[in-house]
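In the two complexes that follow, chain A is the common piece, with chain B as its partner first and chain C second.
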Partner chain A sequence: MGKRVLVVDDDPDVRVFNTTVLEENGYSPEEAVNGEEALQAIRAAPPDLVMLDVLMPRQSGIRLYRTLKTDPALKAVKIILLSGIARASFLKSQQALTEFGGQPVPEPEFYLEKPVDAEVLAAAVKKAIG
Partner chain B sequence: MIRKLLFVTKFEELGYDAVKSLLSLREVSLEHVVFMYVIERDKVAFRRGVGYQKSEELRLKESANIRFIDWAERLFEIGMEVGVYIQIGNMAAEVTKAVAREEADLVVIGRSQKSLLEQFYSGSTVTELVRRLSVPVLVYKPVPDNPFAFGKPFQRPLLATDWSPASRRAVDYLIAIKPLVEEVRVVNVVDEERINGDSVMQAQLARKDAKARLEEICSRLQAAGIPARSHVYVGRPAEGVEKAARECQSTMVVLGSSSKNRWVERWIGSVPREIAENSAFPTLLIAPERD
Partner chain C sequence: MTRLLVIDDEPDLLRVLARTLAADGHEVATALSGPEGLAAFDAAPAAIVITDIKMPGMDGIEVLKRVKERAPEAEVIIVTGHGDVDLAVEALHFGASDFIAKPFRTETLAIALRRAEEKIEIRRRLAEYTLDLESRVAAATAELRRRSNFLANLIRSSNDGIVATDESLTIVVFNPEAERILGYPQQDVLHRRRLVDLLPAELADFFRGAMQAACSGRECPWMEADLTAADGRRVPVRFSGSVLVEGERKAGAVAFFQDMREIRRLQRELVRTERLAAIGQTVAGLAHGIKNILHGLKGGSYLLDLGFARGDDQKLRKGWDMIKRSVERTSNLVMDLLSYSKEREPELAVCSPNAIADEVCDLVRERAAQGGVELLRELDPAVGTVCMDPQTIHTCLLNLVSNALDACLWDEPGAKRWRVIVRTALEPGHRLRVEVVDNGSGMTDEVKAKLFTSFFSTKGHQGTGLGLLVTRKLVEEHGGTIEVRSALGQGTTFTMRLPFRPECPAPPEGDRKAKGD
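Now for the complex of A and B:
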């Protein structure tokens, strides 16, 4: 069984695309449709990698990223952000949340702006978790 | 109090300027905006010779998504939380589901684009929403219609009361959003029928009665630290409320929504619906308490 990757995206088409790419490259994908559902799954059994969309119902990837990176038990989980939201906006949002009294969080190692080719996606996953 | 709002748009009637002017709600703890676009089924429905219009569905969804991404980026950058729903179906039903799923505290919607005939057969979306929801519904109006409302729509609300339970809830609501409110004008429009008596005494009695009840409401608001003044108007309720809002340079009209049933409302109409659909002012409709 390959390394476990949690794909978090509210768009079913994107989830199908991402999980197919992961399976074809020997990983074991799991799915969540929003930040809240993803957090429950991660707390229950932390995956090797989270592939995270930003703009979603219930809880965005911005909040989930912050939650994961400020939780000592979860901050080691690798994250690839995958979104239509520009990287610059993501970074500004994290700065704003830190200014409102939040804990500073590290910049994401992997931020891919949609749409992403299968090869680019597979390469990023390989770089993140081997 | 207003932690999360659901912003329902068809884009032509509500744009980012409306979102921006609602950001004053951050003073009363707004932290999450959920954008919603509903593609009415008939726009992509199965047609003879064409079939289901999948490419049209995709085009509408992606156009909406691109707009929402742009809006979301701006809100994310100031530390807001943002969500998006793009759904196909009946507007009122989809909005109701999203409100429940998101636990939204306020729904913002544009004026109905339906024709009078469509409204008669399928009902007004606003009316339908208010009937289904227990959270307030703000019918937002474009800025050119009302220069006073831009920027701070909650600053000088006109509370139009008909003494109904929903009107009383509207008073509670204004007290809860006190940090946004500079002054409230409270108005009751006395029906002309009531002063068509034979004597001046009867007209004066009607005015005195309304004024006394309005003063009670003002006292409640003042006790909560909100300056308030009362006004009695005479005439058709919707016209009186509009006139009062203009004369008081109000930024918004607040009123309890109708508790008439669907068919009664469709045949004879209702004052809240008339104001929500026709007034130049943003209109905040407060639903009666649900059992």
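Now for the complex of A and C:
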């Protein structure tokens, strides 16, 4: 059994692509279709890595990232952000939320902008969790 | 002091009379005969002449006639002897002011004189009064002319077309702007045409109705209308009119209208400019949509590679499905972009907006059910069939209903029971109102501000960001309006108002043929 990776994306094609890449590289992928479902799954059994989309219904990746990074029990979970949104836009949103009274959150370790090649995706996962 | 001339052939009587009158404060001249008296009158005209009737040479009647010839305003008192009554009557006939009979008392003469003086005074006042009246009439006429010129000028130089009519609605005023807008020279319409000939049926009915005695409606408020120009073209105008009332009577009607052609042209230009600007901004927003699609394509080809390498049919099928979906999304995006940047004239046809709303609801029913969103229809049966562009209603309504569903599906989970209402209704002035109401996530002010102005999507991979832009463009091309009310967390209402015609005009013969070719 490989390391557990939770793929969070509302786009079914993206989930199929990502999970296939993960399986091909020996990981055990799981899926969630929005931030809310993902949070339940993570609280139930924290995975080794969350591969997180940014724009999703029912809690966006921006919110989920904050929730995870400000929860002492969950902040160690590794996260790879994978989005069509530019890294700069994501950082700007986080900064705005911090300014509106939120706790500061660290910048993401791994941020990939779609489209991503299978090899690049696999390399990023390997770098994050080995 | 009145100047008197006394004429008598008896020197004694003359002297006594002159002295008495002078003592009463009159300025008195005397003469012993008619000719002498007339010579004295010519030298210095007297206001009152007192003359004996019987004199040798020229008698008093003759003196009277000649004095009146010289000065009709002079008063002549005739002095008569016994048996001269007939002569006295004749004297009155020739304009004598009075006569006194010899022998007379001084008082009698004084009374006659006073009466003559009064007559002179009355005549003087009358003359003064008449003069005053004449000058006042002249002044009033001049003022009236000035005002009338001013009004005529005002009407002539107005930037509004102004047409006024008499009580039979026959045109009596047709200003130069009306000439310019409608293309009729003034002389072709004044007293020849009726206002109702120039108006669309609705407005013509208003004026005909308003002119009826029993009807109290007199004002037609500003509205948009099409007038028919001399060459048969329709001219879009802002129009207002009212019935002119004089006391109880309806005296005529007046119509004001403003040419909207230039404004319409500028509006079209503005919309086009805005659209081009939006397409510019779109490139940035588009990038996000395209990145997502490219990611899907990469995923598809990755799965196909795996499938081919291993002869794995399942991977091949999954990969091929991904490719197909990505192609579909690309196609949607490109088509939206094209339909947004392309100008299109609405294609009017007889259609039933309620039936179109039903179709749209059927299209999204499954998605609504899956997301736990109740889909309600409140379609007013009075809408019936109208002449509009059915494609515009369909596309716009589908866009708005999809948005409303998304607003519910993307809403924060909670105790809410999500619902989307599609509502149709008629509004005055031949307008169809279509409302799409949801109780979903609502919008922040920031989102609301960006709604129509730029490429913008909050929907991640699903939205092209062009839906509302396309909707607004179609609505505007149809001459309608679209507005939005939204409260964060409570929901959003989009309201479209689209003009329609009660009946479709038959296409001109040439058109039909051209289409047939």
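The working rule: the second predicted complex is superposed on the first by the 130 of 130 C-alpha atoms of A that agree within 3 Å, B and C clash if a C-alpha of one lies under 4 Å from a C-alpha of the other, contacts with A are read in each partner's own complex, and residues count from 1 in each chain.
Note that a contact is a pair of C-beta atoms (placed from the backbone, for glycine too) under 8 Å apart; a residue touches a chain by one contact, two chains touch by 3 or more.
Owing to the predicted nature of the structure, the values given are computational and were not obtained by experimental measurement.
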**OP:** Assess the superposed three-chain arrangement around chain A: do chain B and chain C clash, or do they fit?
**Re:** clash
**OP:** Pick one for A:36: touches chain B only (first), chain C only (second), both, or neither.
**Re:** second
**OP:** Quick one: classify A:115 as touching chain B (first), chain C (second), both or neither.
**Re:** second
Subject >> Partner touching more residues of chain A, whether chain B or chain C >> reply: C
Original post:
Is A:14 touching the first partner chain B, the second partner chain C, both, or neither of them?
Top reply: second
Original post:
A:62 contacts which: chain B (first), chain C (second), both, neither?
Top reply: first
**OP:** Identify the partner contact of A:24: answer first if only chain B is touched, second if only chain C is, both if each is, neither if none is.
**Re:** second
**OP:** Could you look at A:97 and tell me whether it touches chain B, chain C, both or neither (first, second, both, neither)?
**Re:** first
Original post:
Touching A:53 in the superposition: chain B (first), chain C (second), both, neither?
Top reply: second
Original post:
In the superposed arrangement, which partner chain does A:76 touch: chain B (first), chain C (second), both, or neither?
Top reply: neither
**OP:** Please identify the positions on chain A that touch both chain B and chain C, taking each partner from its own complex.
**Re:** 54-59, 84-85
Original post:
Okay, in this complex, where on chain B does chain A touch?
Top reply: 34, 65, 68-69, 72-74, 76-79, 81-85, 98, 101-102
Original post:
Residues of chain C touching chain A in their complex?
Top reply: 287-289, 291-292, 294-300, 302-303, 306, 315, 318, 322, 325-326, 406, 409-410, 412-413, 458-462
Original post:
In their shared complex, at which residues does chain A touch chain B?
Top reply: 54-60, 62-63, 84-86, 89-90, 92-93, 96-97, 99-100
Original post:
Which positions of chain A touch chain C when the two form their complex?
Top reply: 10-11, 13-14, 16-18, 20-21, 24, 36, 53-59, 84-85, 113-118
